[in-house]
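You will see chain A twice below: alongside chain B first, and alongside chain C after that.
== the complex of A and B ==
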């Protein structure tokens, strides 16, 4: 055993830092004992009592920080010194690159060439900080929600006046000059610019463009309320104007939930003025209005991407006649698979349950299902009479947006943390009438580092429960991701397949497949 | 730093006095996440804090937005720090941190119930607070020293003289973890209880002021400069707003949970060590 010490003369670190240092040092292999104290006489007496006093420690003064260790192995002391220096340097405030500004003004002073501020703080403070950024001529990505609609309008009007982008509030996805911001996927660079008032909707379009061998120039998020009457599409219009002068952008895609009619007109007028070809997906909105302005309406997010890629090298007239293929695989193969899944179901099983982390993917599912099958319940229903009656498990046919506020109180969003969805999967196993479970698996920056892996155990468990009852649980998943995403697409696919999940390359294909299975039993 | 009186949320008596002393050079001494310290003549420390911190007689609490702006001016240790115009500071009312006059206090039995309630809550702090462990007889590397210097807690004699108690407390100055070592926080909590007891009994506190002065004199060379300043404020019977409120509620009411929680959040272990000292004082003296 050998005693060593590190003394930081005249050094003051807050108590949390000192506690962290103690814990980190104690955790190093080869450390028998560690004491982190100020060099007071009584502390030196203590160090002597525990065999940690040496000449160096004796010389410490009350205002010196003493890190005394008893080591099994002398060799680890250098590692300890290095670790301690790293931890202490995190708190430096004397103007080097470790400096972390506390305010927007401080940040701007520290990085005067910056042109974008990303804000993610509690909503009651976010608006004020966003305004400061705009007043300093910085574009803003406002990730925060719980900003009032009045404040949102004020911020967007200010941004428009100053020729800036005010992305948000509640904007989770953007990709500017090929740099993903917040939740975003790694996609090929290209000539399609996307403006989205919907996070996962935008992500789905991005990844599908990539899958159809197209590329993305810019992705500009507007926040979910931009196309409401109170805001009037201010930021979507601003973004369209920005893309109109972006040389890299030749085709524009707009995506949002159905806007108010007058807002839709304003947006489409701005798109017309811009002069570029465009695909518009107002997810279930008025297609005729879109066609009236000479643009191409999309029926699904995948379809929007498909048509945008086609539009790069074809005329509007030609693309208008095209249909995105229903499935990647030949239809015969799909039908055979759907039939074989349906055969395994028992007579009692008749319901589809969707558990989604992405709100727009859930919304697309609701629309496809209600158009092709019938009534479907949700916490974000298409009409009030289909509001979910059983929030804990779901009821009838339903698709639940687990990212909605009521499911995320006190816990992270399901795109990041799978706990909530894991529990919901297990609850479906308690219901003998459930036939099909449909899930979205969202990859990309910001998402869970292993979305598929985090669910497979519960999927396997649920399937076991159904099997024990002489039943079968059909599980279908739509993967929203690209081969470039950090989660490694092929590994995610492999995990899903291994768990008996039928994985589809888009949300629309997953829903269509699930509908085919369900129709076999109805 | 140009400020207005609206920028300051609270100011302690001594801080105001030190800042207004025009001949006083205030030099940046140490900088932390939510506070920084200025040192001036005679080793006095003035704490500049944001609103998350607890106000003491030697601190000045700024509104968070103002504090952040000051902080962002990249404080450099050793640089002079000026607050002006002084007229604005003169207009601010100081926060009263002295022991107040106690009107309709609880009976001792009710106070003892409060103490026991707080002791039960303090027990949860034993994983981090050395002095809480001392009260509960939980062994740490400090136990033997504390037993020899302070005595075994359960055996502490209620009839010990004040001089004897002070002598024992002096033996733990500077002992323990943190910038304000655990022993000092314990002493601070104990002195809070002692000064309040004198007020409760309506006794002249000259004797305890003298004893505290002697204790603080020893602390000057035996502990950190920050802790020395913390103990120094006790000479005038002034205590931080949170522990003052806790002591008050223990004596006047039965609802102490909220104020206890506030004290426990001071530092990472300082609050718990202060509470340990406060309860030790209540058990020994009341």
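== the complex of A and C ==
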């Protein structure tokens, strides 16, 4: 094994470009391991962890491109360097001829009437740029993570003072004036405003609203830490106040993981003051507190959407008595299908394995499973004793958030690139005790251009392995998408069906179906 | 009217900084967008960047 490296000085490329190139390099025969990154301190730690940090790579600056590889055959290094140059040049020439300023100041000068700045640069620099945007009276969507909580508080306080939106840090989803921003879906225009501290939670609610023939006025993301005690719900409250005077908004939906109690009260008080009807999904949090303020709690993300659409034309009293249907299809059809799937399983098969790209969809799965079946492990467990013990393959019943940091070091997020999930699917095929695989297929802008297509080969392969053993792999998928999304919903559905996947129109329905199959064999 | 509510009544005009795909997708939707070809200033030295920003704000 030989380690080689090349440093290209003053050659900056964004993280997704570099991760895609890393993947292409790793696919070259003779390459054991490859890291193609900018020379930041964080990336040097990554290089050190994989044994690729040396004097040369140590001396790289954040503006320098580092290409570091471990080779079985050192003869291929020149080919690798050539391949990287080709890929980088291709990315450059594929770009259009529009002028791109180098600084935010330059961009503001070129577009003085800009009203929104979207920032997705490394976290250590992002806070400073976000502040510049706010000081120039621009609303901000801060996609970057690794921004300190102290900096987040400072930015949000500044935004509140200046009457602006400061969406993030770590804000993955928004839809302003019906324009999907970052990772978001194409949804019908309507009268429901959503404020979300959770990316895929917000996406699932917006697509389900569309599916229930409702529409959205605005979808405002706050970033995942907004409802922590240190931030105190600053941006959720700012958003509620804006929606309270927005004529197009008649119903409001809030979604987040369970907030600190005092923050929940603050937010609900602001919602009460707003005077509009609302559904609140604190995803497993305190329902009684929500009811105390006269709002409607939701049991699932799909249920939040269902009740919000019903609230548009019905009273709170009436909607409080409603529950989202368990399935779209008649229950007899579901039961027949679940029984037929269960009959194909062998005696040894007893476990459910969830492989998720969306953290909130994984979290919803954990809650539904533990409420209806029992113990379930995860890398984001409901309680510490159910922390995953085998993170490479999974263990027992488990649902894994593959978008979590430990699975995305040096790799694109699974919503963009399916490589990690492909490998995990194949690993499940090695385990004779696995019965059911559950996946989320997330469409929309920002996502992989073919989420279903990128997984079907591995799904078919895994099913073949089970068949060769005289077993059967049941695969269930929840599609988070709309007919307006760029990936073409019906084509995605076709690809899943053709691969033998049972596709459901929501995460909750997919989980419920998987549970029905499992209960047949338990 | 707050600036947020002003935003709700305007066409979006976006400055993008970071992942170019976000700008490309906005362009695809017909949104007015300018992409900032950002790279770490001052060789990426965050201490130096903070000093430079302090100096800039003092000279305004």
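Heads up, the rule we're going with is that the second predicted complex is superposed on the first by the 425 of 522 C-alpha atoms of A that agree within 3 Å, B and C clash if a C-alpha of one lies under 4 Å from a C-alpha of the other, contacts with A are read in each partner's own complex, and residues count from 1 in each chain.
The rule we apply is simple: a residue touches a chain if its C-beta (ideal position, glycine included) is under 8 Å from a C-beta of that chain, and two chains touch if they have at least 3 such contacts.
Just so we're clear, the structure is a prediction, and the values are computed from it rather than from any experiment.
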| field | In the superposition, chain B vs chain C on chain A residues touched | value | C
| message | Which partner chains sit in contact with A:101 here, chain B, chain C, both or neither? Use first/second/both/neither. | response | both
| When the two structures are overlaid on chain A, which partner does A:18 contact: first (chain B), second (chain C), both, or neither? | first
| message | One more residue to check, A:468. First (chain B), second (chain C), both or neither? | response | neither
| task | State whether A:63 touches chain B only (first), chain C only (second), both chains, or neither. | result | both
| task | Please indicate which partner A:213 is in contact with in the superposed arrangement: first for chain B, second for chain C, both, or neither. | result | neither
| task | For A:445, decide between first (touching chain B), second (touching chain C), both and neither. | result | second
| task | Examine A:40 and indicate which partner it touches, taking first as chain B and second as chain C; both and neither are also allowed. | result | both
| request: In the overlay, answer first, second, both or neither for which of chain B and chain C A:49 touches. | output: first
| Intersection of the chain A residues that touch chain B with those that touch chain C | 12, 14-16, 38, 40, 62-63, 95, 101-103, 106
| query | Which of the residues in chain A end up touching chain C in this complex? | reply | 12, 14-17, 38-40, 61-63, 95, 98, 100-104, 106-108, 110-111, 113-122, 124-125, 128-129, 133, 137-139, 143-144, 162-165, 176-177, 179-182, 217-218, 238-239, 241-242, 245-246, 248, 445-446
| remark: Within the complex, chain B is touched by chain A residues 12-16, 18-19, 22, 35-38, 40-43, 45-46, 49-50, 62-63, 91, 93-95, 99, 101-103, 105-106, 109
| Contact footprint of chain A on chain B as seen in their complex | 29-33, 37, 65, 68-69, 71-72, 74-77, 128, 141-142, 144-145, 171-179, 181, 183, 221-226, 267-270
| request: Please name which positions on chain C make contact with chain A in the complex. | output: 1-8, 10-22, 25-26, 29, 31-32, 34-41, 43-44, 46, 49-50, 53
